[in-house]
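First chain written, first letter: the chains are A, B, C, D and E, and each begins at residue 1.
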């Protein structure tokens, strides 16, 4: 009688395809995975504890370091939470600039997601093209707020710098590039039989399983549930913009890849509308230097690039928050990793990590 | 949350069949519930056809120096509204039933609350620390957490012919 | 035996040595030594040139400029710097490793890669060992390149290397058969297994790539799988099992693996040129071996082009593709060649 | 260098006098293969250094080896936490000998924004011997290329490093004398 | 046909193989920096700086530790402006909060070093400190001179007052009072004139000091 023995393979904190310091303990039978247990905490920097000893203005740069690929969306979430707590009204022009920056950052983040997926499956050229196109977005950010990655641009009450004409011109140039580079990825990756065979039908997930595991963002939409907080809550000026939500059917890696590709096209559409609708006017509301929000708590959620990004802030009337909890989408999506890797081969677990696309700064907070 | 909060009579209807639930008169009052009746309340909120709070948006704990509150934000697409459920626990050995029986997706967040705040969840499938190293003493997010950092491990250079690079 | 530039040179040299020493054995010996030295030179040159070529081709395809700082404007000394650095690295033997197999596997891998070069006809008469069962012997030798990978994987006492070793065995064995079967068509047409006869059979522009297109496609795919390059580079699947059997090797040992891999790459290119692109045949404004060189480098470029375009296939996909698609197709090709030859009355 | 002077004037152009370790130093300096081990935000800047626009491969450094056995440079790009300290020490000790360490970003230099957090090691020089420090949070890819060139200079000319270290030592003595 | 997608993929790569490259050769050509770029070290001009330490308070991570020295006229000046790059977030809060806008980034991002000591950067060089000492000493001298002048003026005024009292007690006292007030006003204007140079921040400083008290006790 054939007796096989399972063994434990440790995809350690340093592994080319675990996107940073994620450790996954795989229990393997030959090359088939029986159990995948993620070990987190290698990048736990205790941001929630640090925020308790800093004023609201000083907490904002810390949100840049959470999901360090989409820093704008983190600033956006935290700023909206504090504005709701302190009752600050943001001028319309600042709202539109915020939406433009958040959507540009969504494209930036999805480009990295698709680039690392291609690189982990072996096509490193795909990654190089994604990073080349990402540089044009970083030029816009560099022009507007002076930094390439940790922007600290969306402030409580508005935005730090105005949307200059040079930034508008760069954005227009970028919007023309978007359909070109999306079609290039279709030619290079989507049409490629080896690429499609590697991700079609791999780590599929039904809508019920995804909802039970509390997954949100592209991973949930890939299973067919059209839940997008930009449409559901309609926060900021998303209510006035019309865009549709791309949805997959089987919830496998192919649908996650397709949802991200279509979302980039949608984000470009949103930026197009914002550029046309942006009014002139102030970019910063009147915010007291020593901001003391009233005693109480608030939970404000926005659609981050990887799912529902929520900020739960309890204030006790002083300038420093009493407690800040950050509902991190990548952290909750990690629960789906075990389900996605079960029964797959080692090669597929690699595509599972890069289609969940966890950012360890956000997972370990 | 940009969504609306439950109206007073909806809250009253929920309070109807639970006697340990207390709702005070704030503008958006959280539902305080005792650990014993916590799981039935969550069951009701999730499965009742007129409520359908199917999405557990946020699960966290706040340390109020005398008690530790575990906070649950639930959201229902059917009603288009959210509700806040809070459970008070005793400070020195907090213990409340785990909600993974109702919301399986809360497993990691409960482990994080146990790891950083020290609230034990009975009935949780895998009650271990998730972020801090296994042998870490204490729970960092508590207000009375005192900790001085140990000396980190030092790498030894095998050949060492080049003298130690100056610190 | 036609006389070409290289074989003429060899004959002249033999005459000179014979005139000097008067002993036929000595001149043969001298000639063989010179031949071996030349071949080893070609193999090490192949490693140096192709590491540089690979990085430049990869850079150009990824819209960036490759190494252009080390040694002059084009970075030509980059591979020299790499080799020298690899030579002077510390040699770590993992504790618990099987010392004998550990030391033997890089050397063993290099032996078949170098031995195969003795049979290639670089020019009309210029072949080190003119064997009339050339093709058969060629594949017998290159067949045992599988063992060193497995030895390396087993000896380095590391789970990733073990998994890499398993993958190597399954992949290389399953692509050995289609590789051979795809050449049967050509052997049937030429009727002889001597490499020079195969090249002569393609004279007059009738290259086998036009006569046997299906065989060329199968051969190319199997050759790429045999040399473990993308899209079949499961052995060294960076993102999955780090560096496969070479995970624990460092410094010069790893450089030997690296050298053998590039030698195998050139072998695959030379095989493709000899069998399908008419070896050293070409319009005679260039000598034979220059044509041979151009076609070989062209084939190397195509294989590199595969590497920087395609993702990696999964282990089970490779095996099913090998057994279920490649083998039947190559047998079909043999059958078709037979039918056509009967129809044309050649048999 | 009396050896070099003995070469006659006419041949000086095409005669290269080189000590062996100088040759190996040149080889090490020009082909440093970094280990692809990014910890946090600086890792994304490290990756974009190897891409099309900033192109680390012009210096021959773009071969990011996944396993420490074949790498000779450990770029610590991100925050080092106590839980990650042991693995990073193990990574460092697994690398074959002529190995170098670059501390990239504020977090690696002195703990950066998270210096007073309970789980962050303040600066990796408490854990590893560091060769080059690159300030910035995160440093621009050009700053990383500048740091790599500084490392290249450190390998090629150890005497400059010794001079710098001497200057720094007596500057420190002067400060202590004044304090 | 099975290979169609593969061939289009190869078409894309070969197109880029011969296409234009995207690389900036860093050490030779440098990317133009946006004017709002936040990088390098902090630079400030000690003459403009009023020593209010707002930047040190605004920093999230206490990366600035400043030593302030007060001159004879009880006005503050910066002596040591230590900017710990190892703790800095480059979040620009200090540059934006500075009331006199003297804090700037020097945009020199390529400043990697071999030893860790250069990471603790002092925005005021030794030469600045030397100029500061000269400035303090002459402020000292001016203050001393004024003090003597004031003392002499008081002495004369006292002497004249006694002389008038001695000469004719019946004279009306109004003249004295008229004479006394103009003298102090003159003195006040005189005092104000040398400080005209940073008169505007005085008001500001009072507001900052008040605020600091309020911030302190909050």
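As a working rule, a residue touches a chain if its C-beta (ideal position, glycine included) is under 8 Å from a C-beta of that chain, and two chains touch if they have at least 3 such contacts.
Just so you know, these numbers come straight off a predicted model, no measurement behind them.
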Joint neighbours of chain E and chain B, given as chain labels: A, D
Chains touching both chain A and chain D: B, C, E
Relative to chain D, chain with the most remote C-alpha centre: B
Most remote chain, CA-based centroid, reference being chain C: E
Result of counting contacting C-beta pairs for B-D and D-E, higher pair: D-E
Mean-CA-position distance for chain D and chain C (Å): 38
Rounded Å distance between chain A and chain E, as computed from the means of their C-alpha atoms: 40
Separation of chain A from chain B, taking each centre as the mean of its C-alpha atoms, in whole Å: 23
Centre-of-Cα separation between chain E and chain C, whole angstrom: 70
Set of chain E residues in contact with two or more other chains: 6, 9, 12-13, 21-23, 25, 60, 89-90, 115-116
Per-residue multi-chain contacts in chain D, two or more chains: 51-53, 55, 58, 66, 83, 97, 113, 116, 118-119, 125, 130-131, 137, 140, 165, 168
Chain B: positions in contact with at least two other chains: 132-133, 140, 145, 159, 166-167
In the complex, chain B residues that touch chain A: 1-3, 54-58, 60, 62-63, 71, 73, 77, 82, 84, 103-109, 112, 116, 129-133, 140-141, 145
Chain A-touching residues of chain E, taken from the complex the two chains share: 2-6, 8-9, 11-13, 22, 34, 36-38, 58-60, 89-93, 96, 211, 214-215, 218
Complex contacts: residues of chain E adjacent to chain D: 21-27, 30-31, 39, 60-61, 84-90, 109-119
Chain E contact footprint on chain C (complex, rising order): 57, 60-65, 305-306, 308-310
Interface residues, chain A side, partner chain D - complex: 12-16, 20-21, 41-47, 49-50, 61-62, 65, 68-69, 112, 127-128, 131-132, 134-135, 148-150, 360-361
